[in-house]
Amino acid sequence: MIIVMKPGATREHIEAVSERLVELGFKTHPIYGQEKTVIGAIGDKKALSSEAIINLPGVEKIVPIMKPYKLVSRELKETPTMVRVGGVPVGGRGLVVMAGPCAVESEEQLLSAARAVKAAGAQILRGGAFKPRTSPYAFQGLEEEGLKMLARVREEVGLPFVTEAVDTRDVALVAEYADAIQIGARNMQNFRLLKEAGATGKPILLKRGLAATIEEWLMAAEYILDSGNPNVILCERGIRTFETATRFTLDLAAVAVVKENSHLPVIVDPSHGTGSWRLVLPMARAAVAAGADGLIIEVHPDPARALCDGPQSLHPETFDRLMGELAPVALAVGRGLAPTGVFLEKAAVLAGGK
Amino acid sequence: MIIVMKPGATREHIEAVSERLVELGFKTHPIYGQEKTVIGAIGDKKALSSEAIINLPGVEKIVPIMKPYKLVSRELKETPTMVRVGGVPVGGRGLVVMAGPCAVESEEQLLSAARAVKAAGAQILRGGAFKPRTSPYAFQGLEEEGLKMLARVREEVGLPFVTEAVDTRDVALVAEYADAIQIGARNMQNFRLLKEAGATGKPILLKRGLAATIEEWLMAAEYILDSGNPNVILCERGIRTFETATRFTLDLAAVAVVKENSHLPVIVDPSHGTGSWRLVLPMARAAVAAGADGLIIEVHPDPARALCDGPQSLHPETFDRLMGELAPVALAVGRGLAPTGVFLEKAAVLAGGK
Amino acid sequence: MIIVMKPGATREHIEAVSERLVELGFKTHPIYGQEKTVIGAIGDKKALSSEAIINLPGVEKIVPIMKPYKLVSRELKETPTMVRVGGVPVGGRGLVVMAGPCAVESEEQLLSAARAVKAAGAQILRGGAFKPRTSPYAFQGLEEEGLKMLARVREEVGLPFVTEAVDTRDVALVAEYADAIQIGARNMQNFRLLKEAGATGKPILLKRGLAATIEEWLMAAEYILDSGNPNVILCERGIRTFETATRFTLDLAAVAVVKENSHLPVIVDPSHGTGSWRLVLPMARAAVAAGADGLIIEVHPDPARALCDGPQSLHPETFDRLMGELAPVALAVGRGLAPTGVFLEKAAVLAGGK
Amino acid sequence: MIIVMKPGATREHIEAVSERLVELGFKTHPIYGQEKTVIGAIGDKKALSSEAIINLPGVEKIVPIMKPYKLVSRELKETPTMVRVGGVPVGGRGLVVMAGPCAVESEEQLLSAARAVKAAGAQILRGGAFKPRTSPYAFQGLEEEGLKMLARVREEVGLPFVTEAVDTRDVALVAEYADAIQIGARNMQNFRLLKEAGATGKPILLKRGLAATIEEWLMAAEYILDSGNPNVILCERGIRTFETATRFTLDLAAVAVVKENSHLPVIVDPSHGTGSWRLVLPMARAAVAAGADGLIIEVHPDPARALCDGPQSLHPETFDRLMGELAPVALAVGRGLAPTGVFLEKAAVLAGGK
């Protein structure tokens, strides 16, 4: 931690700051510049210590030197973490695609979607049973009934599933059914939910908050690791900016920044990240090229009749085309696409055809 | 709802859209322009209906005509709503100041802060017992012990208090003690928490999310009113922008926009909105001049030793000066400042002194 | 300047950085922490030096200690600068209101607007002769003819005027007529225009760019002061954020931040800052309460027929009401409102009436 | 254009709006809903007409139906435009890479960079002779001397070049030397510069403003096409958001949105878009996968001693590696990478090696 003193700071100010730092357990190293004095403080133990200094007379600003997160950092653990969702490894050499409807609407709808996405090569099913909706008048999800449908479809189709928990009181219930628990963007800083979900030991899919910096996102993951659960998959899903042509601005550089600073796997949600199914295809390709470990994509058997997120949901045929387009991009960045032979076949056809 | 068709939309496309609209219960009114056709749809019943149309062939975009909120809107209820927090009316002619520490740290700290803010003219005490913190390593609040301290200090000093609930499981407990329940910015779209807090019937202080549009903020309030609780106080506390000189960007125009569109009272939090105690004074004055019904301000007996938000907390003496500066501004916009005679006295002195 | 080394930086890395710093003319002070080493570098002479270090092996980040601006800073000059626009002092105790139409459309329109704003108490006339318009199909201004009208109306009505220059080639022409030259938000980082306008010696009204940080805005002012012209008035006019209910987000905290860091006067433009005439009134009051030295407001004799910015232009009667509302707020923050007796009269009436 | 009336709008209000619309040359089609009336107006001729309506009593909002741009739109011209820069086609099947130093510093530096980027497969040289710098104390470019060096290096190395013009007064000079003129992000709405550069007939590389919506960016291009010059290449280079881990937020979805709405070619600048050379590689790959027609990348023979943008400049060896990584991604999305055999060779090696 570096304390920068104001130009007019007196010797008394500097000494008072040094004393307070020593009182807080730091060693101090003042550097006297021509116009300003800075004090280096060694022993950065407590998050609150900068707050204990900033209000002292003569202090201009505090510059943190250490990153605020530890458990999630690549400095602590250099090798990438691989998280297994019902047997599917996320964060390894293979690219993992999670797909399915925004919301579980009925068993028929879910089954139809699950079969289609599996046939196209997805390895994990997604589908919401508890839905956080901006309007109280919108469809709020089938709740436990939806979880049961997800479980039955998992048996039938053979895909593990990820689904969202939106309330600490539902976490145990969701954990009972799901292979992985999603924490939605609007709950990224719902710290009690992070702890509760973390405590289940289940893999956690942690979406980035729509106004969260990458550092805050990693701090949210830190909450889960700190609760004893190392199985966190990060998910970039777009941030809020001034641009209105897209629903959010998909921040693909975040994938590379996360890779540099953390050992956790990171996937991308081009459906929410763009809000428009037409844009899902190019952005899915771009996410893979940027180095994402996987994708999560909304697919609905009949997008025009979806109860939620229809405009950004892919028709199964379009999803199939997307998977075909992804295969050569995945190969181009040195990644296999899942264990099925379909993709390699597709990739071969595409590569040959070009 | 207006459906704008693409330039190349065919007669079949237009008819298919019209049929779907009729199927959904709308009356349709097509307008044929030189390059584009638009279809007016009357009977805007369901939030999801636009999603049911946008994917049909030939559709370019959907333009909503009705606002998505109803219960909170000034169109429904023209007279301003006044919310009583332990006897103190918020939303009337008087300006209400809520003040106190970020977090309850000890009974001494709280009592000292409460006495100071009361003496300076605050009418409601604030103080966090459950704290949502960005870092899992930061102080997380005294929880129920903190609530008990707040209740005891209320008795001792005679100020009702507002405190935050961060988990649905704590809402009943918080409601047992508090005069008003705060929903923090990071929980503005924690819809289950909104419903649970709303169901207590207690006044709800609803902070604006840091990436929430004004419309989304009003939709969050709609959740509470829809749960049967009309006692909502909105609180602008700064939004996230690219500017880094301040912690957030305090959006004071939001106060005026809310006043135009809703009957609910709206207050401003210049402490979180700026992140720096030096900026709290000018922004508190500006908030009152913009038409806010009140302010919520962090005051700590010893900001340099605060466990939370020290940099933005006012020392009691500075708070006293702030209250003195607010009085003439409140008068200038036709507002009284609370029932005590202190303010009018101060205002008179200041007015005379200038 | 503080150089933070990565956790894994070797002694060789640290020495190489130190050597490079010495080569660049710095004295170095390494501090060895438990996990990281930081190097303090004294003698912060060149803006480019941080770039010369950041790429060296083992360097994590560079933390600047000195502010990048000098001439505009309050550290250099503690007393506020007062800028005279045709005899009207901006930045003193009095609040200055500049008003007039977005664009000069005709001499009648301009004369009518000028008379109205003067009668209501404005001291400086505004009006655009060169208009930067988003669309090539929109009205682009009357150019020199407009400047001539402004000059004639100045004679007739007795108000100095400020008008925008949008091209280096027009600066001399604009300077020939105008009392102050406006640099628009979209040209805030048109550095050649800044230098050219600065070189005229005329007062410069420098609008904040819509994506400019306060620091970048002050750096733009630094260009003008560096060209030898100290007469800069800063103007906050709203920044671009995700909120769409207002045209821009008026950042009033910027007023206070500028006051803390610079000696230059700062005014506020609530017309562009909100985009809606209804919001101009509360935000004008708020700007004054926040400590602004003045306001610039769009007034049009017939807003519904304005060729530019009609939605945010005030009708003269509304402007008159605004000025009446401003007077008591100005008094409340210890400011007079211009030299005419009209305001004090209004203030007295309003104060008495409340 | 759709005019939405307020709920309380009277028959007189509706008639007054209709009359004004007819007066402005529109045909009107009112639709009477249960709570609101909307008026369809056919004949959307002038950009200013919405402003002429919005202030009329009873009007709530105006909804534009037509896009504000015409010449750049895909609705007008369905086939993609190909722009030739000194013989190199941009916007065709081949991916075009422009590379070189941020600023021309000396002929040796430029020559060395040019040879390196050509050897690695770049087809166009970039290099700034006029530099817009945030600080007046930073290196401002070699101006005409720099242009001459660029011209000599073009002869020597055989690469056409693109360089920036920052002032209308320099446009003719730049046009005399350059194969394409760059308009920088900070000048995207310097409309006079757009017109002047457009009038030269030279290809224009139009960077997106850092706070510009995609629509505003296309409107800026419209200025150039409206000046009679169809040779515009759009360049996404990152927008300003709250995220500070990267210099800007590279908005790759903008590439796909532009492709959908315009016939103009679009390239990506991952150097400015991220601000860090480490992120240039993944984002360059992602840009190509998203469908960009090319890239513009900063390469410096000795980034640690660059006078400008060192942190984001690639060392020639890193650039060479980047080109090798791009080749298979380009192939994967059906694009060739330039005419030299180097890439195909590299692609073959890489494809085989993986």
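Going in written order, the chains are labelled A, B, C and D, and every chain counts its residues from 1.
Throughout what follows, a contact is a pair of C-beta atoms (placed from the backbone, for glycine too) under 8 Å apart; a residue touches a chain by one contact, two chains touch by 3 or more.
By chain, with names taken from UniProt: A, B, C, D = Phospho-2-dehydro-3-deoxyheptonate aldolase.
Computed from a prediction, not measured in an experiment: that's the story for all the values here.
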* Structure fact -> Intersection of contact sets, subunit C vs subunit D, gives A, B
* Quick one: compare the interface residues of subunit B with those of subunit C and tell me same or different, with half as the dividing line. => same
* Asked: Whole-Å distance, subunit A centre to subunit C centre, using C-alpha means?
  -> 39
* **Where subunit A and subunit B are represented by their mean Cα positions, the distance between them in whole Å** => 28
* Return the residues of subunit C touching two or more other chains; collapse runs of consecutive numbers into ranges. => 211, 240-242, 244
* To do: Would you tell me which residues of subunit C are touching subunit D in their complex?
  => 20, 46-48, 51-56, 68, 132-139, 166-169, 186-187, 189-193, 209-211, 216, 219, 222-223, 226, 240, 277, 303-311
* **In the complex, subunit C residues that touch subunit B** => 211, 213-215, 239, 241-246, 249-257, 260, 273-274, 278-279, 282-283, 285-291, 325, 328-329, 331-334, 350-351, 354
* In their shared complex, at which residues does subunit D touch subunit B? -> 2, 4, 7, 29, 31, 33-36, 38, 40, 42-44, 63, 65-66, 75, 240-242, 244
